[in-house]
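Heads up: the structure comes next, in structure tokens.
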Amino acid sequence: MTDLMQKPETKILILATLAGGYAGADATGQSHLDYPSNTYILPVMCPVMFPPEFFIRSFERGIDGILLMYSGTDSPYKVEAAGTAKLINQSYELMKERGIDIRRLRLAAICTVCVKPFLKEVNNMHTLLKGIGPVSAEIKPQQAEAQRTLP
Amino acid sequence: MSEKPKIGVYTCYCGGNISHTVKCEQVAKVMADQPDVVISRTNMSLCSDAGQSQIEEDIRELGVNRVVIGACAPSLHEPTFRNTVVRAGLNPYLYHHVGLREQDSWVHSCDCDGATCKAVRLMSAGVAKARFLDPLEPIRLEAEKQALVIGGGVAGLRSALDIANQGLRVVLVEKSPFLGGRMAQLAKVFPTGEEAQRLLSELIDEVVQHPRIGVFIQTEVVGVSGYVGKYGIDLLQHGRGVTAENGEALAAGCTQFVPDEFNYNLTERKVIYKPYQGCYPALPAVDWDHYDGESILLNGKKEVLQDQAQPYQLTVGAIVVATGFDPYTPHTGEYGYGELPQVATLAELIRHLAVHPEAKSLRWNGRIVRDVVMVHCVGSREIEGVDALQEDGLVNNYCSRVCCTATLHMIEELHTHFPGLNIFDLYQDIRTYGRGHEEYYRSALSSGTRFVRYNGEDRPEVIAALEGDTHPVLVHVKDALTYNQELEIPADLVVLATGMQPRQIDDLVRMLKVSRGNDRFLLEVHPKLRPVETAVNGVILAGTAQGPMNIQESILAASAAAAKVVSLLGSGQVELQPFVAAVNAAKCDGTGACVEACEYEGAIALETLVENGKEVKRAVVTAANCSGCGACVSVCPNRAIDVQGWTLAQYEAMVDAIAMDIVDLVEAE
Amino acid sequence: MTIRLDPTFLRELQEYGEGGFSECFNCGNCTAICPYTSDDYPFPRNMIRLVQIGGREKVRGSIDPWLCYYCGDCSETCPRGAEPGEIMMSLRRWLTAQYDWTGLARKFYTSEVWEIGSMVVLGLLVILTAVFFHAPIVTDRVELNTFAPVEFIHTADWIMAGFLVFFITTNVLRMHKFIMRDGVNERIPLKLYLTEAWHLVVHFATQKRWAQCEEGKAKRNWSWIAHMLLVSGYVLMLVIIIFFLKWFQVDEIYPIWHPQRWLGYYATIVLVFGAARAIIGRIRKTLQMHRFSHPSDWIFPVLLLVVTLTGIFQHTFRYLGLPLATYYTYVVHLAFVAPMLILEVPFGKWSHLYYRPLAVYFERIRARAKEVALVGQPAAAD
Amino acid sequence: MMPTETSSLSRGEMLKRLRAEHGESVERTQQLLREQKRVQQEVCKSIREKAKTVPEIAEELGMKPADVLWYLASFRKYGLVVEEGMCGDYPLYRKAEEK
Amino acid sequence: MTKIHVDALVVGGGIAGMQTALDLGDQGYQVALVEKEPSVGGKMITLSKVFPTLDCCSCITTPKMSAVAHHPKIQLFTYCEVDRVDGQDGEFTVSVVQKPRYVNADICTGCRLCEYECPITVPSMFDRGLGSYHAVRVPFSTAVPQIAVLDIEYCLLCGKCEKVCPVGAVDFTQTPETFEIDTTSIVLATGFEMTDVSAKKEYGAGRLSNVIDPLMMERFLAPTGPYGRVLRPGDGMEPTTIAYVQCAGSRDETLGIEYCSRTCCMYAIKQSMLISGALPLAEVTIFYMDIRTFGKGYEQFYQNAKAMGVEFVRGKVASIQEDENHYPIVRVELTEEGRVVERTFDLVVLSLGMVLGDPLARFGLQPAEDGFASLPSVNASPWATTRPGVFVAGTAGGPMDIVDSIVTASAAASAASAYIRSKTQVSIEEGEVAYV
């Protein structure tokens, strides 16, 4: 089991919409194109559901970069583009307040077949995090004791 | 949550697709030690009957009440496993699917440890989410047993007829003034040699006489709302401009001529016109795009025609998109097209022959033709960096499928009608793949057609001959079959076998929210699992809107589309996924922020309730109108609202699981 | 160099045979299955291709068709049924017509009327000559040399031989020009013609390249032997009648052990056997090479058979002592011999007997010239 | 699944009839079984101590390599032999440890 | 005799038959699906991965197999063969023979104890004879139904299986049973076979041990394959140089097959890509006449293969012989260079074509010239055979790939559904088109 103990330096959380980025990530997989493995993609219906506090909380728990991959104006949801942009701006304000590099949170429009843009975003974020280091350098992660014994 | 979660975790090898990279056994072992996990297994192929039975057995025997599966993309097999857990008596939404193939093993094939590590985190996130899963009930809606078919070509007609024959009502919408689409422009069709227009008119007769089909001609779809089972459609029908009484007379009296696009502008027609004898409807129509507004003499009176467009609204359960293709139009100068009068497209030649049916010899541009050069793959199989870009900056890198057989079919026709022609066929690969198609290749060879194989990176050149040459144009090509010998072919006519292009239907694509593939044709969900369905529920593809096809293939696709429509609407009910907003009334204090944020009419509203004798305002969701976008979720100050199945709490748990160090996980063993 | 595509060539060649020049879709099966093909001569497909694109000059200057012995493997395995073997046959006919400056060969191959007609005319001429100019007819015993004095016949033989030599030489010179001069830049040293001449002799005598396609195919090997025997028979006869007629055409009947008799018997037997075999094969069409017999393929074996049979009859009548029957059959015999030798040898199918070894000979010279040039190159570079 | 109707004959009678009907194939199969047992013994003996490639085993036992491979594939499937690394382009096979 | 009444009978449980049955079942029709093998899945379940998406084949097939087995409207009859079709015009009586499994299907649990006990090993037809199983076995790991079948031709009648079976399912008293199905419509999805490898003597007529057919290569590439890896069957060597001979069973008059089999170009390219993945050092060469990658996304697939280094050589392979070590030697003209070469490979795959699988006479149908079902009006109703009420789906109607098979299967379902409605008095709520 020792090989599992290697710690990837950084963790990138990718919140990707089912109608956009998540399908784009699947398309990338179907093309068998490699990208860094410290990327954790969670499907979302529409990113407009995340309040800014959610992102701050994620950084505090030790996520070093967050990519929001949405469909933007092509989304089946009317509010996705404008609503998400608004939330992201609010999040940037909060991040600045707490001294978190705002480049750690990025919004990208990825379509269902956007293989190249997907790879570009992932690789850019990976390179960025290599440069600026883990989020723990900026805030103390609150990896709460409670977590290890989640209900 | 009433019962204690008992989670079953399954890591699929996917027949090696996952296990070649991810150490599935290790993943399973780590998962087995997670809290609440009662069983963690691996399987070679979880979607197989045996794999599914295993899950069912665990639910029944071990009392598993939450299922987490790490396998291929959820888009492929989420429905499969939902059915599995249902069979075992579990609510289908007590199951969570983690994509370990497209998003892990296939993209980290050089990094087995990293991929395994990632799988462990994603799976534990899945387990974390599973703890928060609640049973959900799908939203059942009455479905309108009526379908909309967009496009009156062969695919649309066939699709409409098949749907109607299976008992549903159909509205068929055609934008142009006549039914039949591109097929009407063909003469004989391969491989049977039947007349295209006769086949079409038989089909059109069946469609227009069908009691359950309504046909709207000269009609555009201008608005789409709603969802599967209940799409609201706004139509705009243009006026025909003439009546049954005055149609022929007006057409006769009309003096304005415009190029006839039905004949690819080789001929002219009046602005009040019928494209061909035997067209449907037989009544002439006014070409509003070109009509100059001048008056037309009718029985001594001057008449000015006016387009009295009429809007319609209707409700349909499903939409079939059969909008067809556009023939590729070469750029000016591409193989001399548009610059040399002796260069034409295959489609143009078909129309040319159709308008001169009695011609004893082939004449083009006033000259008798003796030597014809056919060029394959014009606008198809283009190579990035070699061929000129299309308007949208892409190249048509796909094969258009029909041009090879169509070209060879044309060669046979030419040889039959004009014996003695010398025909030269410039190709890359002859793709006569269909049943009976290879016969056309053989026939073209037997009749003396000279085939020259060119390389896609070195396309032939068409140039004007020098003064005094025996022929007006010369084609230069390097022949791979003679070891790249440079050939010069003198020609009287160069025919470009142009391929198919996606149709310019951007407005419709936007309204329907369907996606396009890399080739810009409309995209199906999966070529094998759901080959004619789009990612939008209730929007089905038929024919060449999806990609190049010949008539036979269009008909098959149209019938397959009909089968999907009937499966969907036949019962009169559709089920929607229950992923809509839900309010926790206990936490809601009626601020109304959610109502403000919501963009969907009738989806959420404040209602006055009596609570403990006090009147309070509480948000209430109307599920059928809610899109599940969650705009309300992020604005609620009390976290009183969530999208069912996608709650914030679940995401937070998932983030925590991902953030947790693997060392901890290993220690936790 | 750009070739201007000439569509007429294919049509022209179709007059020379049934091969499916246009059925071919250039898969290359024929070339790969062919036991004779080589890097320098990758036929038959290259020939078919040249015909398809109208490379008339290139075909005229190529020796490839002569390197094919029509074993039929290509036609048997052609996925398109295009008969490449028959195509090579047609090309040989066309080439023969090209080499022949008189235009007779072309007439013979493209018109049956011409071919048969000229044979008949020449045969009748012989008969008329015999009718009007014959010597005294002795009827009480067989005296052929009185009826047709051997000196006279021998002189006629020499005249005919001169005629043959003239036409064959001039045609061969044209062949040489097409193959070794036209479109060939480098000069080939005369010395090579001499040093390589033994190839011509060996190939003429043995047709040994033919044996190459028979590896492991017993049936075909037999074909080559049969052909060899046939060739030995008529070459023997030709030598006898041109050079030793006086020794051969005698009224005295030699004893059975005399070489004059058994040389004659040997030649007769192999000729009957060879010609009959060729004819039966063509009737049955069992072998691939016989499936598409052109009229010109029939005429030579038929003439040969008739000539041999009339020869046999004539001798039989002589032995039986039937003077008139002997004389008449002799005239008929000559009426068939003359067109066979005068028309078939320089202009007809028979010509392949010298075109083939010549082609092999030219190929050798070319190959040697190339080797010499290669050896010479580094020296020149210094 | 269509229920297959059970014949009225008893099991014993039926077996007897099957034996009569399939006498030839039973006999052939018995020979085949003897052959298979022999090959199994020899192959297992050959690779008990040392892992070998297919051509090596074939050479040793005087069998066609294709047949050896077929047997090995079968033994592998039922757990009698295991793969143990490669020798050049050939995988090595070794007898599995007895359980 | 048992008699069953259904709306539609689907013959053949391959991908086309399953799709037709599912589409008809989803529309509420009672469907009988008859499959001659002991498991549904057809040829497709034996494949490794599918073009052009390269996703695993069983991931597409097994759920459909599972779905037909569990569908409430579908009755599945495996190991059954259609004997005769009587009747016409929507009133067909089909007699079907249930072949004896010698295992009671109702109680067998698929535990495989019998299989492990059985002493005799036989070539596995699932692995094209290159793998093995026992005389009694569950045909393959993902078989549906998961029930054992006993091969009487290889049975010693030793009774070991009978003793070991925990539920007493082994039953030597079974005999072939005939039953009848009354149906309104019939959909033929009887599939294809590969062209006979022994027909082309220039290619060794199937006698060269390192010249294989593409379905064998599919098994080598599949994770459940006979060797668990790609080895050549002649001597178990991991091949480094592999050749594909295109049109080895199509477009060849000498075989009597002049048509194009449509799938061979794509499967050869797909297998080349998979081989490159499984054996990174392998070099694959494809000898072809025309590359026919005409489907959606196929041309890109071809270009990707080229970019990956798969070598495409134009030329019809004339002959394949083997050297003294059984390495196949391919003789071919490089038609773009005008040179004949002989190249030695470790392994040669013949890209065989498709011919009709099951004879059509039982269904009262005449084959067309190419041997497949005659479809008189392909440009109007490409699913209709010469017998009204009998429709065709998938490769029984001509060579085609999986995508096309699935589309034709849905189309046949649509046609059958309309036909059933026109023949039975299904009360259709007649109605005018509703619009406001």
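Order as written gives the chain letters A, B, C, D and E; numbering starts at 1 within each chain.
FYI, a contact is a pair of C-beta atoms (placed from the backbone, for glycine too) under 8 Å apart; a residue touches a chain by one contact, two chains touch by 3 or more.
Computed from a prediction, not measured in an experiment: that's the story for all the values here.
Q: Taking contact as defined at the start, I'd like the list of chains shared as neighbours by subunit A and subunit C.
A: B, E
Q: Could you name all chains that are in contact with subunit B and with subunit E at the same time?
A: A, C
Q: D-E or A-B: which has the larger count of contacting C-beta pairs?
A: Of D-E and A-B, more C-beta pairs in contact link A-B.
Q: Which one chain sits nearest the middle, judging by mean Cα positions?
A: When every chain is reduced to its C-alpha mean, the one closest to the whole-protein mean is E.
Q: Measuring between mean CA coordinates, which chain is farthest from subunit E?
A: Centroid comparison gives C as the farthest chain from subunit E.
Q: Report the chain whose mean Cα position is at the greatest distance from that of subunit D.
A: Chain C.
Q: Averaging over Cα atoms per chain, report the distance between subunit B and subunit C in Å.
A: 68
Q: Compute the distance, rounded to whole Å, between the mean C-alpha positions of subunit A and subunit E.
A: Whole-Å distance between the two chain centres: 44.
Q: Counting in whole Å, what is the centre-to-centre distance of subunit A and subunit D, each centre being its mean C-alpha position?
A: Taking the average C-alpha coordinate of subunit A and of subunit D, the gap between them is 55 Å.
Q: Touching at least two other chains at once: which residues of subunit E meet that condition?
A: 53, 55, 145, 251, 314, 335, 338 - these are the residues of subunit E that touch more than one other chain.
Q: Would you please write down the residue numbers of subunit B that are in contact with two or more other chains?
A: Those would be 101, 430, 442, 481-482, 517-518.
Q: Give the pairs of chains that touch; include all such pairs.
A: Touching chain pairs, listed by label, come out as A-B, A-E, B-C, B-E, C-E, D-E.
Q: In the complex of these two chains, what residues of subunit E are touching subunit B?
A: Within the complex, subunit E contacts subunit B at residues 23, 26-28, 48-50, 52-53, 55-60, 62-63, 65-67, 69-70, 110, 141-146, 222-224, 251, 258-260, 262, 290-300, 303, 314, 335-338, 370, 372, 377-383, 397-399, 402-404, 406-415, 417-418, 421-422, 426, 428-436.
Q: Report the residues of subunit B in contact with subunit C in the complex, numbered from low to high.
A: Of all residues in subunit B, those touching subunit C are 371, 422, 424, 430, 441-442, 445-453, 476, 479, 481-482, 485-490.
Q: Which subunit E residues qualify as touching subunit C in the complex?
A: Residue list for subunit E touching subunit C: 202, 247, 251-254, 289, 314-319, 331-335, 338-340.
Q: What residues on subunit A touch subunit B, complex-wise?
A: 1, 3-8, 11, 13, 19, 23, 25-30, 32-46, 48-51, 54, 57-58, 61-63, 74, 76-80, 83, 87, 111-113, 141, 143, 147-151
Q: Given the complex with subunit E, which residues does subunit B contribute to the contact?
A: Its residues touching subunit E are 13-17, 19, 44-45, 47-53, 72, 76-77, 80, 83, 87, 101, 144-146, 162, 165-167, 169-171, 189, 191-192, 194, 199, 202-203, 211-214, 312-315, 381, 397-399, 401, 429-439, 442, 480-484, 517-519, 521, 526-529, 531-532, 546-548, 551-553, 555-560, 562-564, 566-567, 570-571.
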